[in-house]
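Two complexes follow with chain A in common, the first pairing it with chain B and the second with chain C.
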Partner chain A sequence: MNKVSVLLTSKWSWKLLEEAERWGIQRPEECLSCGACVGACPAARTSSYNFRKIIRDVILGNEEKVLSSREIWYCFYCFYCTSKCPSRVEIPYFIMRLRRMAMERGYGGDILRILVYTSSNLIEHGVSVLPSDYDRMNPISAEENMVKLREKLGLPPVMRVSEKAMEELRTIFEETGFRKEVEGIRSGKWPFKGISEKY
Partner chain B sequence: MSDNKRGRIGVFVCHCGHNIAGVVDVQAVIDEISKLPDVYCVDHVYMCSKSGLNLIKEKVAEEKLDKVVIAACTPKLHEKLFQKTLEEAGLNRYLLSQANIREQCSWVHKANPRKATLKAIDLTKMAVAKARLLQEQGKVEVPVEKAVLVVGGGVAGITAALNLADLGHKVYLVEREPSIGGHMAMLDKVFPTRDCSICILGPLMVEVGRHPNIELITYAEVTKASGWIGNFEVEITKHPRFIKEDECTGCGVCAEFCPVEVPSEFDQNLGTRKAVYLPFPQAVPLVYTIDPEHCIGCRACEAVCEREAVDLSQKEEKIKVKVGAILIATGYETFNPAEKRNLGYGVFKNVVTALELERMLSPSGPTMGEVVRPSDGVTPKRIVFVQCVGSRDESVGRTYCSRVCCTYAVKQALELKERIPGAEVYIFYQDMRTFGKGFEELYREALRERVRFVRGLVSKVVEDGKTRNLIVRAEDTLLGVPVEAEADLVVLSVGMVPSKGTERLLFVLNVPVSEEGFVMEAHPKLRPVETQIPGIFVAGCAQGPKDIQDSVAQANAAASKISALLSRGVVELEPYVPIVDGEVCIRCGLCVAACDKDVLKLDKERGVEVKGVGCVGCGACAGACPTGAIQISLLSDEMIRAQIDAVLEEKKEYPLVVGFLCNWCAYNAADMAGVAKIQYPTNMRAIWVPCTGRVNPLLILEALEKGADGVLVLGCYPQDCHYRTGFDKAKRRVESLRELLRVAGIDPRRVRIESMAASEGKKLAVVVKEFVEELKKLPVLGGELVRVAEARR
Partner chain C sequence: MVNEKWLEKIPADGPFYLFQGCFINHNYPGIEAATRFILDVLGTKYFVSEDQSCCGLPEFGALATPLILTCLVGRNIDVMRRYASYVLTPCNGCYSAFHTSTFLMKDHDVAAKTEEILGKLGKNYSPMMVIHFADFIYKRLEDIVVKSVKVLGGLRMAVHYGCHYFVFEEEGLDSRENPSFAEEIIRRLGGTPVNYTAKDECCGFGMIQQVVHKNMAYAITEEKINSILDAGAEAILVICPYCLNVLDRNQKVLRDIELIEKAIPVIHISQLVALILGADTDKVGFETHSVDVKPFLDRIEERKVEFKGWSSAEVASSQKGG
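After this line comes the complex of A and B, so read on.
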């Protein structure tokens, strides 16, 4: 817990809001702290993710606190928050930008490692979670697992995506720079540091 | 009219469908009441229906009735309707008496029809007994003086004065300061539109100065007032300004040559003025004033004034006016933040009030519109607003919200953002209350302009001795962390408090004030511009904190109310005059002391006399009188006694309770219990009183003596008393009476006084139930009385 008073005026920064503005993300500064977003948020129910508090810190200029937090990585873009926001703040888009800025400052590495793994699967196989991943995370039983089951049923070890679909995916990954980005992360392009829970 | 005691009384019992007849045996009531002498009794399913009202009118004619008793719902519902019906039947409307057998009987005693019927009979008998004593009351009509006094020349007073003058009424506008304009003239811009304040007020001020129907009396105060609605006599004391108002052209040469420089009150002491001065360039009247406190008597002004307007021999002047109505528009003062020592105002130079900032923002202000730090004249870059200074703060005795500070802080923040490039503005607040039309939009604009709002009341402001910068400490309650902000300038959003002028004026006019010191309205919702004194009205911040929009709206409302009064030409007064029997009066003066309205005067020769028509009919005088010499026409001792007798000549319940229910709270609470169908014991027989202050303790004793087992006096909470002190008086009297009873050997638990709000039907039911239970536990009163009699022997 942060026990020391935060000196608001010593580190004035509009950087986070300026970034939002640059990317055309609507109205984050109009947040009234009503909490409707948090009430609606599925992630907030099971974690310390609280967008209302994040935006308070954004507005007060507590840049490092926001960007180094684990919580900005908990959103999974369901957009329920934005649909409930009386100020119509585009929360998920803002979270996307905050993550990007966090990465640039070296935060988020441990979470990104998981994302890079699933992204690599997607690039290679066209699916993000492989049957063996299910078995690791959530095995059917001690004896039975997905890989064995597929074998028994005469299915290939990995779900098959048609060549036509793979072709489309490859085009998308190339054009958007997704493949390059994932590779960059994998090859250590980003100077990741640790992150911690702040909220 | 003189003696209607023997008049024939018509009693009309209403079934109210099943509402009454479903519980009360109406036929039994009629049978019982018909046995009374000189009474004609009849029933109807719905007495308030057209056919019911026609029945009343028919029977008044057929049966030659002189007075009417209606046993039905609460008089609060249809009294006016039945009064009108009496008038249509050719009877005086005050010859009506009502028995409340629905709200206070059938609805609350559903489980016990037999007892409810007995109670209904008693209540009707009481109404008949009271009716026998009712007398015709003439309409008291007095002519209205076709002029109005407006006290206070702020935006409310200006608006009302112009409005009334345009309607053709003569207006005396009295202002304490050398110029009209009030606080609004000091403001730079006004929310929510952020238009220039003096630009919209200035033309109105000029119009006031020019209007043929307005007599503007500035630098003056109301010092005496007497009379009543339609006929007030007011004395205005005009201070000498030592400049002839008719001669001065406002050229200002005098001030140029005046050698004395003093802080300018108008500029909140941030700038200076001379000892001969015009408070601000747009002043109306455009006349200079010599401030005697600072003038050194060098007479330089006299020497340079070409028009010879300077007159140092001027004396205080008394002006007497006669008016039909008075409007109080004396505005407010800002809270003195030095009372909040933790904020450093008056100690740290760079802590200023919002009004001081406003003067700095004004292009004609002491800094010509430049915002600077008072300590070094440097433009501040980091500005912190502290909200709720003197508002919502019990520690300084100000519990109310001042309603304007949130929005003015937002406005000032936007102004600072615009005028100081790169300025960082923080607003520390408890709640943002930007409630008016266009206010929330202004708040949003400030959010967009990146004014930083921090939810948390400021706990302390400390100064850095070297830089004179300030550290503001608070909690960000939305994050739950303590925070500090370093500021170049701290602005205190001071709240509104009643002005000292208001205080003095209210004393002179005898107008009731609320706990906070603002004028109390006749009714907070339905009569917002009338005071509790007929003919005296209120508008603007004298009534309570409000913004310019609301002040103007209220001023217009007051003007239309006043205009209606003046245009009618005559005013009908309620027949509220106390009647004194000089033969019986022992000149003790207790009634004079009991009267808050100062309408009574003790003359050692002639006894107590009624001075004027300020009486509001509370009856505190009659409640205090030891001999019954003073009576109020609304409810005489005799009427109360007759009701007690009617109940006790044949006691129908044990224990039997006589209740005195105050018109404003307890009587309504009893009706509320009825509406909510809250059941309670049938034992109480209620006597309506205008105020518990009316209840003379001798009548309580009489009730006990005649056989009542207990007496309940039920009134308002002390702070809610319609007459301010009525309940307190009743409470003191009942306490003393209880002590007396104890000494006399009668259990003091037989008499109880309780407070309740008009909405507390539940409380009324509980009080009656508990009281009856307690009385049941006591031995019968007869035993006590016998012992008292024996002891006496």
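After this line comes the complex of A and C, so read on.
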């Protein structure tokens, strides 16, 4: 742990860093603020995203500021930073953790509603991507074309998950709370707070 | 430098469970057809099953919930183990789903809850060796060269490995620093691998950015494509259907707004190797590509076996026999 982080330890007002450790993540306070990650980062090149700013606010305990921001939704989950970081801080896992905490406080709904279609597919069919997703402008012809294309290629019909497997999956969706969450996102009941564009 | 330890662990003959990723099965069936073709030509036994589901990575990527990933992976492994001891996948997403799940199981709470849920299905969590199909191709490269009926005719190809191939350092043939095994494959198949500055960068997909922050995704694809074009490559080789989708489809938008000067075909490694082994050009699914692959196909040539005279050993043995 570097000196600055030690000095600031007393101000950590949330359990985030302990949580990070539970995920097996190299603790983000090992960050030396060297900037190697920012130089490599595609999100930093294309938006206001700067991981060092985020980690500083985490350390200062500015939780609401971090969790309510669009910043944490910019990461590409590409792990380029981790491969360059001398302390091997696993930033993308840490960002995932922040996104999860943001959702739990009601943020991120607008983004999740764009992403939720794969989860809906999973719940209904056991797969995330359907033949109809091939062309979302025209799902019906996309489905037909995909079935025909597989036939032309000499492949077995499109993958369908067996009823026995669907039964098991439904248990998983219930027990993990996944079905409830997906329904909440789709109906707009959860998460419901808008995110802040300024950081 | 190729990770020899990993290479040794890959069984050359299988049998394998071929993981049916839904993006390949439902959107890029040509990659599946090519993969099956290669396994058949090499005489490698493989299984698929309708009891398998999605890998779970898209849901982890969107909702950041570990449990949905660990439970789906645990259940799928239980299915696959009935057929084989090793899993093959030609998709970086599915590949990293398994390794990410194993990583997340280090969290005691996640592990306990996962075991509890799988327990209700009469299963438990035990990881299985998951091998990327590109690794398998490298493992069998000698056989592929021997059985090849076509060559690349010097075609200049740039490799994009894709971020999620590199996340777990102990797994896989190469590290992100300076990967080279796919270049070696290109060379052995008669092509010319091309290096470029943005080689280790993301394709632009960015897990959610291709749908959530499109402009950011396009900007990254643009950097990648321009770096590849600057290096003089004539085609791009990928090992993942998502990278294929983004690098191929985003080119149309980038060309419309004149951010890239010309289009460059993007080919999955399974498609390339299947063609080299003699698959028909209309049997690897180029219908799903947006950039015309003709410039690539035009460069694939018949393999001429040159007669270099009898080797002395053969002459000696034929004399003895005669």
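The working rule: the second predicted complex is superposed on the first by the 112 of 199 C-alpha atoms of A that agree within 3 Å, B and C clash if a C-alpha of one lies under 4 Å from a C-alpha of the other, contacts with A are read in each partner's own complex, and residues count from 1 in each chain.
Quick note on the criterion: a residue touches a chain if its C-beta (ideal position, glycine included) is under 8 Å from a C-beta of that chain, and two chains touch if they have at least 3 such contacts.
Predicted model, so just to flag it, every value in this text is computed and none were measured.
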item	value
Partner chain in contact with A:52 - chain B first, chain C second, else both or neither	first
Of chain B and chain C, the chain that contacts the larger number of chain A residues	C
Touched partner set for A:115, first chain B, second chain C, both or neither	second
Chain B versus chain C as contact partner of A:155, first or second or both or neither	second
First (chain B), second (chain C), both or neither touched by A:126	second
Which superposed partner A:188 touches (first chain B, second chain C, both, neither)	neither
Chain B versus chain C as contact partner of A:33, first or second or both or neither	first
Contact residues common to both interfaces of chain A (with chain B and with chain C)	none
Complex interface listing, chain C residues touching chain A	20, 22-23, 25-27, 29-30, 32-33, 36, 50-54, 58-68, 71-72, 75, 79, 103-104, 106-109, 113, 116-117, 120-121, 163-164, 166-167, 176-177, 200-202, 204-209, 211-213, 215-216, 219-220, 223, 282-285, 287-288
Footprint of chain A on chain B - complex, ascending	382, 424, 426, 444, 447-448, 450, 452-455, 473, 476, 478-479, 481-487
List of chain A residues in touch with chain C within their complex	22-24, 42-43, 45-47, 73-80, 82-83, 96-97, 99-100, 103, 111-112, 114-116, 118-119, 122, 126-131, 133-134, 146, 149-150, 152-155, 158-162, 164-165, 168-169, 171-172, 175-178, 181-182
Residues of chain A defined as touching chain B within the complex	2, 5-10, 12, 14, 17, 27, 29-33, 52-53, 56-57, 59-60
